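Each structure below is given as structure tokens.
Shared between the two complexes below is chain A, which pairs with chain B and chain C, respectively.
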Partner chain A sequence: MNGVHDLGGMDGLGPIDYEADEPVFHAEWERRVFALTLAMGFYGAWNLDMSRHARERTPAAEYLSSSYYEIWLSGLERLLDEGGLLTRAEIDARAAVLRAEGS
Partner chain B sequence: MPMLSAKDVPTLLRKGGAARVAAEAPAKFAPGDRVVVRNLNPRGHTRAPRYIRCKAGTIDRDHGVFVFPDTHAHGKGPSPQHVYSVRFTAREVWGDDASPRDAIYIDLWDDYLDPA
Partner chain C sequence: MGKHRHTEPPSDLVLRVKALESLLVEKGLVDAAALDVLIDTYENKVGPRNGAKVVARAWADPAYKARLLADATTAIAEFGFVGRQGEDMLVVENTPGVHNLTVCTLCSCYPWPVLGLPPVWYKAAPYRSRAVRDPRGVLREFGLDLPEDVEIRVWDSTAELRYLVLPERPAGTEGFSEDELAELVTRDSMIGVAKATLPGIGVAKATAPGGSGEAST
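Let's look at the complex of A and B:
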């Protein structure tokens, strides 16, 4: 697909902000999203190329305004939904509970 | 679905995820061959960047046989085929304002390429 993820040769995206001693993960949820995506791949729920394609199908405007692991979360939710493992409603309901708990 | 246990994870992380496959597949090209990237605009997944389509380059080396992402991403099988490092001059890709000394090497699958 000719998606917004295919950034090569595009101008106007601003400078790359390099962070000194950048940690692998900036928050615990990033670690969890990454681990879930890989673990369910090893489990056989999807393969590497399916998960990459799920991330690149993040809607263009959302993709460009998302952090790296926000795009991974978007892809994971898409894989869970399309794979029949969770529905959008279940994901949204759980997110609402966590939001209410302030976690 | 197979069970994934915690004790299997370190091994899987070490060697899992490799897209290189043992399957035999004929190589369409050899190092030194001139190729042109097909004008591909699939609705699904592809690893051929937009900016390299219709550009001509030279096979630099053959990496071996790998899973083809364009089919594998859609559950249509691994379609194992050769992947090459293909050299494109910067001027071929970005035009006459690019440095004559620069080049870009892109890993491309057999099905992305035609003889130039």
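Let's look at the complex of A and C:
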């Protein structure tokens, strides 16, 4: 699929931002998104190509302004929603509950 | 993580991920214990030290190197380094006249069993966009200024085939054991943005690119 993810050869995206002694993850939520994505892959409702395609369907402006694991989260939510496993409304509602509980 | 924000309310993103995890666990779609195993595996067990062992053996053992270049997947599996995102591997060898560089322009394909998870810069737009168009400039940004007569080959990874660069064995390492050799093999040298570290000096280790950044076109 043609899209903003197809970055090869594009100009104007700035210098490479190298981090010395970079950690594998930069925040706990990144660990969770990584593991949830792999675990749902094992569940077997979709394959790796479908998972990539879901990330590639992140709207272009959002794709370029999101961090890597934000794009993974967006793709996972899309697959869960489209697969009828979990709607975004359910996630919104649970997040609101967690916020109210102050967790 | 997040220790600097300890007293602040959790961000929308953090809450959203917590909400997602709690719902998936409740629905029985994921096993909470399995999540911790996955994180521990890729944060602490799998990483570029694996690839360094492969490279060191290839340097030390010509028969192994021949097997590695002929059928990388099988030769790497001799160490038990198998699994996700390493199902099909190709090892490309640097020589005095050829330097190899790997990238994934479309996303983040990377040989997990030998290098672990990729660094942020490998997954980010600047490297992905420019590695295929101006590899010489990209390498200079990493502090590696190759002579013009060195051919640069760029390998764009796919979900099906992942690459590992076999860097050149540094001079002055005759008689080194495999463990000693492995110490010289950095992650960056196996991606192809650096050379292996020189023994006792370490000057070939990748340095952070400076802010100048913009490669000439």
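Everything below uses one rule, namely that the second predicted complex is superposed on the first by the 96 of 103 C-alpha atoms of A that agree within 3 Å, B and C clash if a C-alpha of one lies under 4 Å from a C-alpha of the other, contacts with A are read in each partner's own complex, and residues count from 1 in each chain.
By our rule, contacts are C-beta pairs under 8 Å (C-beta built on N, C-alpha and C of every residue); 3 or more make two chains touch, one makes a residue touch a chain.
This one's a predicted model, so the numbers in the text were calculated from it and none came from an experiment.
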First, second, both or neither for A:94, with chain B first and chain C second: second
Chain B versus chain C as contact partner of A:8, first or second or both or neither: both
Dominant toucher of chain A (residue count), chain B or chain C: C
Which superposed partner A:62 touches (first chain B, second chain C, both, neither): neither
First, second, both or neither for A:50, with chain B first and chain C second: first
Contacts of A:82 with chain B and chain C, given as first, second, both or neither: neither
Partner chain(s) touched by A:32 [first = chain B, second = chain C, both, neither]: second
Residues on chain A lying within both footprints (that of chain B and that of chain C): 6, 8-9, 38-39, 42-43, 48-49, 52, 56
Residues of chain C touching chain A in the complex: 1-2, 9-10, 12-24, 27, 29-31, 34-36, 38-39, 42-43, 47, 84, 103, 105-108, 116-117, 119-121, 123-130, 132-133, 138, 141-142, 156, 159, 206, 208-209, 211-214, 217
Touching residues on chain A, where the partner in the complex is chain B: 1-2, 6, 8-9, 38-39, 41-45, 47-50, 52-53, 56
List of chain B residues in touch with chain A within their complex: 1-2, 4, 8-9, 12-13, 16-17, 19, 41-46, 49-52, 67, 69, 72-75, 93-94
Residue numbers on chain A that touch chain C, as the complex places them: 5-11, 13-20, 22, 24-29, 31-36, 38-40, 42-43, 48-49, 52, 55-56, 64, 68, 70, 73, 76-77, 80, 85-86, 90-92, 94-95, 97-99, 102-103
